[in-house]
Structures are given as C-alpha cells and as structure tokens.
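This report concerns only the one structure given below.
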Amino acid sequence: MDGWAIETSGLTKSFVGFVAVNNVNLRVRKGSIFALIGPNGAGKTTVFNLLTKFLPPTSGRIMINGQDVSALKPHAIARLGVSRSFQISSVFPQLTVHENVRVALQRKNRDDFNFWQTDRCLSVLDERVEELLAAVGLGDYARHQASDLPYGRKRALEIATTLALDPSILLLDEPMAGLGSEDIKGVSALIRSVAQGRTVVMVEHNLRVVAELCDWVAVLQRGQLLTEGSYADVSANPAVIEAYMGNSHA
Amino acid sequence: MLSEILIIVIRGIAIGSIFATIAMSFNIVHGATNIFNFAQGNMFILGGFAAYFLANGAGIGMWAMMLIVAGLAIAALVSFQGYITLLPLRSSVEQDSWLISTVSVSVIVGAILMITQGPFAYSVQSIAPSFRIFGTRTPGAYGLAIFAMIFWYVALRLFLKHTYSGLAISALSQDFDAARAAGLPVRRLQLLAFAISGLMVGSVGFLVAPVISVSPDAGLKYVLNGFVAAVVGGIGSNIGTLIGGPLVGVVAMLTAYKVGGAYQDVASLLVLVSILVFRPQGIFGRVTARRV
Amino acid sequence: MTAASNTYPNAQQGETAKKARFNSDLTQVKIGLVLILLTGIGPVLAGNEYWIHTFQLVNIYIAASIFQNFLFIDAGQKSFGQGAILGLSAYGTAILFGLHGVPFVLAALGGIAAAALGGLLFALPALRVQGFHLGFVTMSAAIVFPQLLVTLDRWTNGINGISVRIPALMTPIAFGISPLALLVTIFPMLALIVHYLIRRSRLGRNMFVSSLSPEAARSLGIKPGLMRFAAFLIAAIGTGICGVLYLPVVAFVSPQGFNIELSFVFFFAVVVGGRGQMLGPIIGVAIIYVLPNVLLAQFVEYRLLMYGCLTMGAVMLFPDGIVGSIERLRSKKNHGGTGERAFRIDGFLAQLAGTGTAKEPTEEIAVEVRNGTKRFGAVVAVDGVNLKVRKGEIHGLIGANGSGKTSLLNVLTGLSRLNDGSFYINGVDTTDYPADKIANMQLGRTFQAPRIFSQMSLWDNLRLGLDARNGKGSDAIDALARAMETEFGHDRADLLSHGQRRLVEVMRTVLKESTIVLFDEPAAGLSKSERNNFADLVRFLSRQLGKTVILVEHDLDLVWGIADRITVLDQGRVVSSGNPEAVAKDAAVQHMFVGARHA
Amino acid sequence: MAMAPLETKIAAANGSVRQRQLIIILLVAVALSAAPFLIYPMFLINVLCFALFACAFNLVMGYSGLLSFGHAAFFGSAAYISGYCAKTMGLPAELAILVATSCSVVLGLIFGWVAIRKQGIYFGMITLAMAQVVYFIAVQAPFTGGEDGLQGVPRKALVSAMAPMSDRQSYFFVLAFFLIGFCIIYRIVHSPFGHILRSIKENETRAASLGYDVDRIKLIAFTLSATLSGMAGAVKAIGFQLATLTDVEFFMSGEVVLMVLVGGLATMTGPVLGAAIIIAMQYYLSEFGIWVKALHGMIFIVCVMAFRRGIVGEIGAYLSRRRGASD
Amino acid sequence: MMSIFSMPADVFLGQLLLGLINGSFYAILSLGLAVIFGLLQIINFTHGAQYMMGAFVAWMLLHYFGIGYWPALILSPIIVGSLGVLLERTMFRKLYNLDHIYGFLLTYGVALVVESAFRAQYGVSGQPYRPPNALSGIIDLDFMVLPIYRLWVVAASIVVCAATWIVIEKTKLGAYLRAATEKPVLLRAFGVNVPRMIMITYGFGVGLAALAGVLAAPIYQVSAIMGGNIMPVIFAVVVIGGMGSIGGAILTGFGLGILEAFAKLLYPPAASTVIFIAMIIILTVRPAGLFGRTR
Amino acid sequence: MLEVRNIVAGYGTIPVLRDVSLKANAGEILLIGGENGAGKSTLLGTIAGFNKPDQGEILLDGKPIGGMAPEVVARSGLRLVLDGHRVFPELSVYDNLRLGAAAGGRQVFKRALEEIYDVFPVLKEKHRLYARDLSGGQQQMLALGQAFIAQPKVLLCDEPSMGLAQALLPPILSFLRRWAETGTAVIIVEQHLAVTSSYADQAMIIERGTVKFSCPASELEARLGAAASVG
C-alpha cells in the first residue's frame, strides 16, 4: 500500500467569470481515508467532478494510481476503479433496490452490449447482490422500488451500489448529509469497514465524523488549498478556524 | 368391378387416414388429461376453412406457409380451449365438467361458423396434383391424408418415447398425483398436449380440405368418425388407429357406394356400437390391470 | 321390505334433529311443482295464444330435461341423444296417427314403444362402456336420426314432415283450459315426483352405486347392467311421453325439429340449471330455452351460440349449475360436520354387545378353492391354489405383495374368473357365477380403497348394505340400522377419515348380514387402537354372529392374533396352511417373514 | 419481515403468472389468426406495420429516454428501398426487406453518431433536422416517384414461390415480420443490455459513474431501434404495396411519438395498442379529413397533460396500486 | 460585368439579398425560440404555428377589420403573444417539474391542433397580403432590382434582433432573465416574481414569432403550412447556433440564410438540405454548436 | 430447512389439521406417527402443496411455499414420495428416474443416477424394464430413487412401508438414513413406529389433527408408554 492513489498537480477549473478550483495539488496516499473539507463554495464538489472527469479541467494534471487520466472519459475513470457517490443521493429511482445494485455488478459481467440474451442470465449475480444489500442493512428491501426508500436508506443503497464495483478508490461526497445521528453512526461504521484495503476520499461537513474517520485532511478555501495534515494539526491551524468561523455559523 | 373396389378401398383408406389422425389427436389429449375433446371435429373443419380462405389456389410456397399458420393458429385455439376446459377441474369435485365444456365449445365454434359463413359447403382447390393408382385417377389430397397420418404417427411416437416432454405427458396419463409430486409442470404439459392435438387436426383439416365438404356442420361427422376410429383401434393406442381409421373409412365408403351416401354415418354408428358391445377395449386395446 | 327400510327418513325428521338436512331435494320438488304449475296454467289464464303455445313446449322440454337429469346424474349415463328419443316417439305417433289413421291413444302407445326401443338401443353399448363413449354413441345417434328421417321418406314423408291435428285435445274444458294444457302441466309435475321417488328408493340408490362403482355394486349383489337398462328405459318412456305430447302442441313433425340441437337443449338445461338438483332442469330450461327463444327472440339466429356460451359460462362460473351453487352455499352455511366423528367401531360393538351367542367354527366348508389358477397375460397371479375355509372361522390370508392375495379375493367374489380350477361356496360350484349372484349368496367383501359416495349421506352409504340384504335380517341388526339412521341420516360421508371409510365398508357387510365376509387389507392404515377395535369386531362377527371371515392382511400381528387358520401365499402358490402355531413354525414361512415380526 | 407477504405473493404467483402469460399468449395467437377473417386485412397490415414501428421507437423513447423526432427517416427510407427493390429490381419481398433493413442500420448509425451526444430536446431537434434531409432527398431523388411515391409494389415473396399474395396471405406475411420484430424488441428490453439502458434512462450520470460508456450504449440502442423501424417501413411497403412521401414526413415522426405516448411509454404492448388506436382513427374518421390531425394534436395535449403513462401504463399503474392496497 | 464565383455579380448579389431575407426570418424565429428556451427550458414547437398565426392575424385584421400593415405589425404580435401567455398559464406551467420532453411534446400537440385547424379553415393554398404602399415599389440598383419591402424586412429584423440582444445581455432586466434560467429559486428569494417573468418572456418570444409572421406575410403567401415547413430549419439554426445563445441564434440565422442562398446558386437540389448538412458537419466538429458553451 | 408454523388445513371446510407446527433440520430424519385419520398424510399433502393451508406458514429455507401448486413446490426443492409406491408403470425404470429430475442440469442427473444405481443395483439391472414389471419393494425403491434424482433439500416420505412386506423396510430406511446424512431433511410418516424410530432423529406424534408431543426419536418409546399409561 505504498504510493499515491491520487495526485493532482496544478489542477485548475475556471468557469465563466470565476475560478472554482485554483491550482490545487493534492496527494492521497493509497489505503488512507482522506477528507476534503472547507466552507461552502470552496470547490470541494468541483474537485470531485474533476477527479471523475465529469468536468474537464481547464489546466493541470490528474494521476490516478500513477496513471495520467487527463484524456479519459468518466466511464473510463470508473473502470480504473474509482467509484463515486453523489452529493445528492443518486440512485435509479424506478428500479428496485435489487436491480440498482445488480446494474453495478453487471458491468464486470462484460455484457454492456449484450442485448440478445435473456435477463435470466443475470440471476448468477443475485447472491452477490443479496450479500451487498445485507451488508448495508437493506436485505429486507430488495424488492422495493428505490424511489420508495427513505433518504437514509437511499444513501445506504448508493453505497451498496458503489461497493458493488469493488473500487480501489472511493469518492464519497458528503456521505453524512441529511442523516440522523443514528444513521451517522451506522454509515461511519460502514465506511470504516469498506475502507479496508481501499482508498477513501470524502467531502464532509461533519467535523466530528472527519475527526473520527480520517487519516489526512485537506482544507480548501475559495478554490485553493489552504492547508493539509492530520485532523489534529489542521484543526489547530488558525487559518482554518477563521475560514470556518466565517461560514459554519452562518 | 375390380376397379370399383379399388377406388372404394383407396378412398376409404384415405378418408380413414383423416379419421385416424383425429383419433390420434384424441389419444394424446386423453392420455394427458383424461379429457375427450368433443370440439376436435370443429377444429378440424376450421383447418379446412383456413385452407379455403388463405390458400385456395395459392402457390406451393404460400400454401405451405399458410399450412403452418393454420396449424399454429388452431393449435393455439385448442390449447386455449384446453385451458378453459381444465380450469374448473382444479376446484370442483365434479370431474366430468370437461364433457360439458368441450361439447359447448363444439357448439360455439359450429355456431360461429354458421353465423359468419352460412350453411354452405365450400370447395377448395387441391395443391397436390391427382395421381393414377391402378389406373384410377385419385385426387392428390387423398395422398396427403395418408401421408399426414403416417407423419403424425411417427412424429408422435418419437415425441412420446424420446423427448422429455413426451415422456412427461405419458407419465401424466399414468399417475397424475405422482407426476405433480415429481415436479412435472402438469398444467403446461396438458396444454402442450392440447396444442399438439390442435396442430394435428388443424394441419390435417388444411391438407384434406379439397376432398372434404368444408361446411360449418361437418365437424360433428368427423369428431364421431374419429372417435369410432379411436375406439376400433383401442383408445390410447396410436398404432391401433392406423388400422382402425382406414377400416372405418373403407366401411363408410363401402356403405356410401352400396347403400347410399345417407347411410354413411349410420354405418359408422353401427361399427361403433358393435365394437363397444363386443370388444370395448378396441381391436388393439389392452385390458389394463387396474387397482381395485 | 324389512321394518328398518320402511322408515324412510323424511324432511320432518331431519328438521327435528338439529342437523341441517343433507340435501334440499324435497323443498326443491315443492318449488318445482309450483313453477311448473305456473308455466302450465299461467299463460292459459292470461289468455295469450302465443304464450300458451310457447309454454306448453317449454313444459314438455322441462319434462324431458327432468328425465335427462335423472339419466345423467342418478344413473350416471351420459346421453346426448335424448332429443332423438323424443323424436322417435313423436314421429312414431305421427306416422301411426297421422299417416295410417290409428287411434291416437294406440298411436301414442306405439310412439312410446318406439322411444323405449330407442332407449334400449342406447342401453346396449352402455352395458359395456360408460362416460364419453356413451356420449359419443348417443350423440352420433342424435346426428343420424334426422338423416334417417329424411332418407326413409317412404315411411316418414321425408323432408316435408307430417302435419297432425287433434281437435279433441285442444277444446277447453273449463276456465279455457284444454285437456292438452292440463296434460302438459301435469306430466312434468309427475316426472318431477317420479324422479324424486326413484331417488329416495332402493332402486335409485342401486342405480347410483352402479354408475359410480360397478365393482362395489356387483359385490353388493346389484347387476349394474340391469340398472342401466332400467335407467335408460325409464328415461326413454318418460321422454317418449314428452314426444307424444309434443305432437299435439306443435301439430307438425319434420326432421329439422329433431336434430342434435334439441338433444343439446336438454343436456345443457340440466348443466346450467344444476346437475342432480331436482329444480335444475326447470331453471335450466328457463335459461337455455326461454331466454334466447322467447325473451331475446330477435337474436334467434344466435341461439345455438347462446346455448354454447351459456353452458360454457355456467361450467366456468357455476360449475354446479345455478341451483347447485345455491345448494352448495346452503350446505356450506349449515354444515354441522361433527356427527361423523361419532362413527367409531367401539360404539357399534357396544351397541351389538350381547346380541349374539357364542359360536365356534364348524367343520362345514364354507368356501373351497380347488386347484384355482388365474393368469394375467404372462403373469400367473394365482397358481394352482387349494383352499378350504370352514364355516364360522376366521381365515387369514397372508403373503408378500403380488403373492396373489387380492387376485384370489377377486376370484372368490366373482369380479374375475379363474382360468383353471373351480371354487365352491357352501358347496355350490360358483366358478362361473357372476359377482352379483355370488353376492346374493350372502357373501360380502370390502375393498382396499373404500367405496364411499359423497353425494349420499353417511346413512345412505351404510344403507347400501341393508339394501343388499337377502331376506329378513336379525333384530339386532335392524336395531343397529335404526340407530344409525337417526344418528347419521344427515351427516356427510366425505368428511370421514380413511379409517372410518374402511369402517363404512365393514359395516355395510354387517348390515348386509353376509354369512361370509371377505376383508381386503382392512387394517392397513388403521392405528393401533383402531386395529384392536377391529380385531374385536372381527372376533365378534365370527364368534357371536357365526360368520365366516376371510382376512387378507399385511399386519401379521393382527392376523396371528385373531385367525383360526392361516394360509400363506407366495407368488400365487400356497406355501403353508393350517393353524397359526403350525404356520409360524413352518420353515418356509419363517424365512419369508424373518425379522419382520416386531412391529 | 415487512417483505414476507409480498415475497410470498410473488413466489406463489410465480407459477400462475407464467401460466397466465402463457394463456394470454395463446389468446393473442388465436385473436391474431382470427383477425383477418373478421376485420379488413389491409387495415390490419397497416396496424401491424405501425405497431412494429411504434415498438421499435419505444425502444429509444421509452426505454432509453431519448426523444427522437426523426424516426420517419428510417421508416420511410426503408419503405422506399424495399419498394424499389421489389418493384424495379424484382427482388422477392423477403430480400427487399432485408436490403432495406440493412440500409436502416447504416442510417441509424449515422444519425446516432451525430445526435447521441446531445440530450433530451436537443436530441429531438437534431434528429428532426436530419430526418428532414432524408425527406428532401426523397422528394428529389429520381427513384422515389416524387409526389406519387412508389405504387403497386408487388407482393411476391419467396415463401409464396413468387406468386402474388392475397390480402389475407400478406397479413400473415406481415404478421410474421411483426412477431419477429416484437420478439427481438422483447429480448432487447429484457436483456442485460436492457437493464443498463433503463438505468441510463433513470440516471445517466450515475450510470456513467458506474463505468458504463453511456454514449456507446445509447448509440447501440438507437441503431437497433432504427433497424427495426426500417424493418417496419420495409414490410409496410410490401404489405401495403405503397411507399410515399408521407412515410418520411416529419408528421410521421410525430405520429409514432403519439402512438407510443397514447399506448404507454416503456411498456411492451402499449405501442401496439397506440398504433391500433391511431390507425383506427385515421381509418374510421377519414371522412373528417384534416380534422383528424387536429384530433391527434388534442390527444397529444391530453396525453401530456393528464395521461402521461399512456393507456397500458395507466392500467399497469392501477393494477399495481390495487395490489399494493391489498397487501 | 463583374463576376463572383464565376457567375454574374448581379445574380450573386441578388441571391445574397435573398439569403439575407430568409436569414432575417430565421434569425427572428430562432431568436424567439432561444429566448423561450433560455428561460423555460422548453423547445417551443408551436413556434412555427405562432409564426403562421402572426401572418394570419395580420391578414385577418386586414380582411375582416380593414386594419392595415402598420397597426398589424404591433397588434398581431400582441394578440398572438397573449394567446401564447394563455397557453403558458394553462398548460406549460404544469409541466415545469417534468422531463423537458413533455413540454416539447405538448407544444408539438398544440402546433398540430393549430395548424390543422387553420388548414381545415383556409386550405393549403396561400392568401395574398399586399405590402403597405410606403414600402411597395422597388429600388433599381444598376446591377439588380431591389424591392423596398425586402430591404425593410432585413433592416427591421436586424433592429429587432439587436434590440433584443441588447436588452437581454446588457440590461438589468436581461440579467434577471439570465439569473432566472440559472437559479430560479434564488431569484425568487430576491423578491422577483419568477412565474410572471417566465410568462412575459414566453409572451415576448411568441410575439417575436408573430412579428416575423407579419413581416413575412407580404413576401410569402399567408398559408397554414408556412409554419410547419420552416420549423425544422429553425431547429437546425438553433442547434448550430448553440442552444440558449441569443447572439448565436441571430448570427447563425443570417448566416444560414445566406448559405442556403449560395447553395441554391451552386447546386440547386442541395438548397433545401444544405442547412441540415451544415448542421451535421458543425455538430461533429463542435458538438455544442457554434456559439454554445460547454455546459 | 423446512419449517411449518401453525398451519390449519383440511378438505372442504372441515379442518383436519389444527395448529400444527414442525421443523425439519438438514441432515436429520423426522418421524411422524399417529393414528390413522390423525392427519399425517394431510400434513404431508399440505406441505407438498396438494392441499391449501387455511392458515399458517410453510417455510422452505425461509421462503414461504404455502399455497403453491405441488409441482412448484417440488421444483423449489421439496419432494413428496406418495404412499403406495407410486411410479409411472408404463415407463421404463430409466425414464421414471429421468422424469424425477424435473429441474436441475444434466450433470447433476448423471451423478445422482449413478448414486442411485449404486444403492439399488436392481434398478440398474432392470433399467430398461417397465416399472409395472417391478415388485412392490422395487417400485418403492424406484419411487425413492425418483425423488433422490431431484436432489431435494427436503424429502417427505408417506408410509414407505405401506403395502410392502415388512422385511423390505429396513434397507429402505437405511437408505433414507444415509441420504439424510448428506444434508437432506427427511420426514417420514409411518405406522410402524417401532421399526422406524431407530432410524430417526426426531419424532412427533399427531393426534386428531394436532401435535400430541414431539421428542427425540430415542425417547419415543418411553414417551409413548407414558402417554399410554396416562391416557
């Protein structure tokens, strides 16, 4: 578990009129849990979008597992083992919970374009689907439509779907947003357990969770990297405190 | 004189082949479901109507395609009828409701044909050229009828002895509950049996349309003669029908020739009654030991 | 008639007992009579010629359907040809009266005779075959009949038909009611009553049993063939009278009037109305015939289609017919369903206790088989068996499966014939006797699979034994019968457990007062305590009532416990025979049953 | 344990559901074979062709969420090509259909390649614009017969040994193609690919983040749909003996949208029903002339405003609601 | 005589002018479409029908009420625009939360109804509409004859387009509009009545279409099918210009008009397809359109 | 494996079974005894789908199977061997076995076939013969073999001794024993408790449609004795 899972150098993204991400250099160690924090509008989600190539960077380079991915498209990034969950819980609403996870598993079946076989050949995946759903506590909801799930469960479903890809790098965009304190505990445990042998990068506002979970914390402010280090170091940094005071109490 | 007898025998055998095929279609359904489909004759006539409406004067290719269409359509109709017939058997104690429902289906089909086509007999051009046998011109459809009988006999035999579904259908006829306990998809097999029987009568009706009178009320005649053939051969015995059918056919032709056409059915009835009275298991039927 | 069978259970009795009546036949008959009266007299009082004519025909059809109902359910004969029977009679009368000027009454008798003849013709194949075979035969007869009428124009006037006028029947006698109107009103009512009475009678029960289980019937001494003949004859005569009445009502006969459609009307009416229900045919004709032909007369083209669809609909939605469905609801609502639990051996034993006197087996031979051989194809089921059973003894017949026990039993009861050898009952050579004749020699048997008729009440099921009794029975049995009648008169037989069903069979032989009783594996499937009770019963039958018992049984403990003598069969041969101790010591027998006697 | 009753029902119903499906299939088979004897066969041929067209179109609109407004291009061009092959070149009908269908594959690939990267309405506009090119080509090209179109296309097929087919016979000929097409569509929808397609329709970015090459998958779906639409058009030219400008007009594109919308988006049978309704309207209301088109417009409005699931969709929703209520 | 592209200059210039005129209509129509799309995210398929209605209203005003061209130039857009507002209020409003496809389909349905109603009433053949006296007549440049009315159309459309562009891109109202497309909720929080703004915008867009209709009436004949025929072209223009780009719509409109004219010169059969082919080429090179922004 | 919870079932409206619960574990034989008419066969029939339970649940591997058709139940891994060695008499022994494998692949069938031939060599010997030509005991073996071929998770066996000479019972029971030990749950309904109980793990007595008691099979004799002395 040596080396860097993600490296960016001079990552910049400018929209018309403003620069969302400005010359950010991040390095995420393989196997660590890495948190990206910062006040609202600091550009955290943009960084995620850049990492997964949902947005093309204006300039700068991104290396994933040592490979330059600047030319790749989003789905190719996903195939490199980078998997991402979305800020707003993102499931396939009209599919059942079971199907949601199965769609993710299907990819490894190499039948993206298999339109001539019946879907019964997908039943080989059922066992794994049930395992994953059980792992996130959705075992009883397999036949429900995803849109019927309460918010917290949607998150769990999303994580199950993400895990189905067996990613090496997991990008979690505010995994705790909208969760009650009970759920937060559960999801924290879940993240810790899935982080075994994986690299996790998360954006999170709940600093307690960050303190508890993360090995390394990077602070973004107005598109720039303010500071990074362990949570203890970072939280002691006056610049960070100031940045947060200005916003988090708004 | 000799040629007259030859004509009678050849035509009798050919007409009897039709009866034999209908009898075989009885057998397969009866084996799988214990049902004797009284509507089978009307399904046969539907095949004839299909020939009239779809393939009258058509080329061989289209004729063949329409044969398949007619066969499949009638197979679907018969298996749907089978489904309806089987429905009440699941719940009611009365297990011979099929007798009533198949008779009523027969009445319904006949009535619909009568209402839509009127009480007329339609004639259909033959696709097969007539041929000479012993110096006698014989319509080609007679040859087709004999061919169909042999074809269906062989096909059924292969199916019932060598395919899984065929074996399963035989199993159904032997012990229904055991078949269910063994997980055989009973209802589907029964419907399959119905479908096969429909395919048989539909295709044969289509084939022989040129030599029968395609009219709404002809169905009853064929269901009865088919039944006589089945009884003569022994119900459940397909090989028996190969003899029984032609036998009945020859008797019917002979009667028509010697006594008069109106007595054809009477002759069949007499054959039926005498067989039933003297040898109810049929000529080839085996007395099966039953549990007492 | 014995004292016991004189006391028919009637409706009043059923009502006083708390149980719901087993069926509502009597009520239905009453309603039916009222309805027929209405359709018969109503239109006359209303004075509409069209309605009078129509409903006279309706009443005739009702009568014909009632006989169809009787034939179809009570006698179990599937006839699709009743229309032809009606036609035979109508044509017969018309030919005699209309063409040859024979007086009407004589002509009518001739017509009825023709119908009866036709019925007997139907019965001919029915001697050998049942069910759909018969359906096909009768249906083809119904198809052939009009063809023949046309072809035989020398006698029938062919396609032109025969016109008939009988003014005497048409002139009103009182209130505008003509004799004809009276006749066509009274006859269906009579038909209904006759149907009811037959059903309540021994004849009716015998017909019913014959149709459902010919073997059981034969072993009870009933000739199923005779019953079928009788049924067809009764139905034919009844339908024949309908045909006679048809003539003055329609005043014209032609071949088209008697095509298969007519037969279908009767048959479908019974189905739609309710198979086996007294009221069924009346309601059925109302729906099948009156609805399309009278109320929806503008769609008369479609009437055949309507017949078919109505019947199909009835089979799908009301499999028991309209009346049948109502009846089913009624019995479902009222089922008491606890009475049959009291049906236990110990109860009967208690009841019978002390009625007999102690008896011992005599040396007289009741049953003897000499060198009996029975083959089924290549399989020799019974192979040169010699067997002697003494009067009053309990004789165990044991052996492995397929050793020929049941085959031997079937031979002894006449259900199958020996290929070689002979057997004697009470010294009479009965080798070639038919089953019913043997049964009437006071021989009774039970079957491995009990013959229980769920359409009959439990008492009626038992009563079959009483019906089969030859001569007058003992007082003790009569008393038992009376007790059973009050106890089980309205209980359902289909709720009995397997063991109880066996018991019904056993009790039948008791009521039959057979002197020789053959039990075919009676204890199979009985519990230990039931088995003990059964052993007591057998002992009682033998030691107190002096009956000869032949017991085919697997349960060696039971056999060894009660049998006086035991015969061991193996592969159709007698291996050993003698008293239990001797047989047990037989080396061959020990070898066969080694290790099996600790159950 | 909240699931238990539902699962029980599903499991218990499984056997009977399959049986019910079987029965429905049987019934449909009976109805299809009886239809030409009860209804005017040419009308049925028309319905079948448009039903296939609508089903094929549903593949993109219902199952992939792509609104193509240019599907008439495939339908119409294939109609012309197969008509031309059969009439001028004297090819047997099957071969003509095959040729025309193959051309549709190519055309579908071209359309898809240009348009697929655009989403939603853009996609619709681009396909519409491209279909217009095909239309103008059809207007001007020498072999299309201009305003008259190709008339009297012979109905000579290999199966009929090149003898002309009667109306009823052609009905069964067309029926065979319809069934083949329908089965292909059924297979596509119920395949692993079909599942991915659905997930893309539901949430495209999520599907991409799961590693699916969304554009490629949509392109394949679009091409498949174009192919089958082409087959429908080709069969129509044979069965109806006619290929005209109306087949390529952009009204035709709108009409097929309407069929799918009326019947029910993303349902198997909806488009068939929709096609039958719309064609029946054209047939039986033809005396009202242009007002039929206005009526179409109104149906469009009603469907969009109040009836978005279509007939089959609404029935399905009603049934599942009732099932839900009874739980 | 000069020759350009090996053809006489007068022919060339004549075609250029013809292209400009067509381009003017393209520009105004696609401008309206772009404005509506910008705010409502609906592709207004009814646009063609509204264009046709604009022409018809002008014709009806003249025919039934004797109201001439100049008042019609004002009245017709107002009338048609208010009808558009009505449409928006009663129907579109309910669809904003749904997939945009539904809005598209709805407008298509409305267009079908309107066009077939007009067709049923007036048939397909055109109704003549004379230009006002002030604008009738021609200017004879020495290399070609120029109808004054056509000149007026070009000028008017340039003015209208420019004005619209200025309003949207350079004024506070325009800023609001643009903001409303981006973050309608936020704008609402600022106290702006967004629904009303949407309504007015739609009315304005429709009014533009109707204005184009009035302008077109004297040149082309007033017929029920004039809208339906032009719609695919307008779509192509909008797509090429880049969705939502106001300036793009205007420039592309004129540009394509000219392109079409040249095509007619060089290879007449391609005239009707050249725009679409251009679209295909441009989209392959620049998937977002000429002036479109990537997201 | 198989769990039956409080089922009520019967014919028509009269319940034969009242509130019967049982549990059959993988690898064990459960012996069900009781008087005739107590409802044993009804119980098996209900589990196998021949009757519909009016109330209660039947769970196979945790999935409910109550109310399904018998063939569906059989396909989901539960086999009922009917009483009276019911096989298909007019089919060959081999075809009988073949039909047993209603579900499952060819490989599974071949393996199971060899196993069953191993256990009952007589079946291999006579595999071409019609089943009707077998003796009663051989037919019972065939019936068991038919069920074995399907490799069910749960096997229900209704009176394997019925109609057999008692000497034939032990080999059949020991076969069931070995079968159970491969991880199948076996339920045997039997009258001959004494012979059978030594092969069983659990035992249960049904009386008048309710469970009288259940206990380990080894204690059965004692419990029966106790019940007899009390009652």
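Chains: A, B, C, D, E and F, in written order; residue numbering restarts at 1 for each.
Here, a contact is a pair of C-beta atoms (placed from the backbone, for glycine too) under 8 Å apart; a residue touches a chain by one contact, two chains touch by 3 or more.
The structure presented is a predicted model; accordingly, all values stated were derived computationally and were not measured.
A.B. asks: Quick check on the contact network: minimum steps from chain B to chain E?
C.D. replies: Step count on the best path from chain B to chain E: 2.
A.B. asks: Among the chains, which is located farthest from chain E on the basis of C-alpha centroids?
C.D. replies: C
A.B. asks: When contacts are scored as defined above, which chain pair ends up with more C-beta pairs, B-D or D-E?
C.D. replies: D-E
A.B. asks: Based only on mean CA positions, could you tell me how far chain A sits from chain B in angstrom?
C.D. replies: Centre-to-centre distance between chain A and chain B: 69 Å.
A.B. asks: Could you work out how far the Cα centre of chain C sits from that of chain D, in whole Å?
C.D. replies: 62
A.B. asks: Where the centres are mean C-alpha positions, what is the separation of chain A from chain E, in Å?
C.D. replies: 46
A.B. asks: On a C-alpha centroid basis, what's the spacing between chain C and chain E, in Å?
C.D. replies: 92
A.B. asks: When you check chain D against every other chain, which residues touch at least two of them?
C.D. replies: Only 7 qualify.
A.B. asks: So which stretches of chain B touch two or more other chains?
C.D. replies: 187, in rising order.
A.B. asks: Considering the complex alone, what residue numbers of chain B touch chain F?
C.D. replies: Residue list for chain B touching chain F: 164, 167-168, 170-171, 173-175, 177-187.
A.B. asks: Going by the contact rule at the top, pick out the chain E residues touching chain D in the complex.
C.D. replies: So the residues of chain E touching chain D come out as 42-43, 91, 94-95, 98-106, 108-117, 119-120, 232-233, 235-236, 238-239, 243, 269, 272-273, 275-277, 279-280, 283-284, 287.
A.B. asks: Quick check on the complex: what are the chain B residues that touch chain D?
C.D. replies: 53-55, 58-62, 64-66, 69-70, 72-74, 76-77, 79-80, 83, 116, 187-188, 191
A.B. asks: In the complex of these two chains, what residues of chain D are touching chain E?
C.D. replies: 65, 67, 114-115, 117-118, 120-122, 124-126, 128-133, 136-137, 139-140, 250, 254, 257, 261, 289-291, 293-294, 296-301, 303-305, 308
A.B. asks: Name, in rising order, each residue of chain A that touches chain D in their complex.
C.D. replies: That would be residues 52, 54, 73-76, 78-79, 83-84, 86, 90-95, 99-100, 102-104, 106-107, 109, 111-119, 121-122, 140-143, 161, 165 of chain A.
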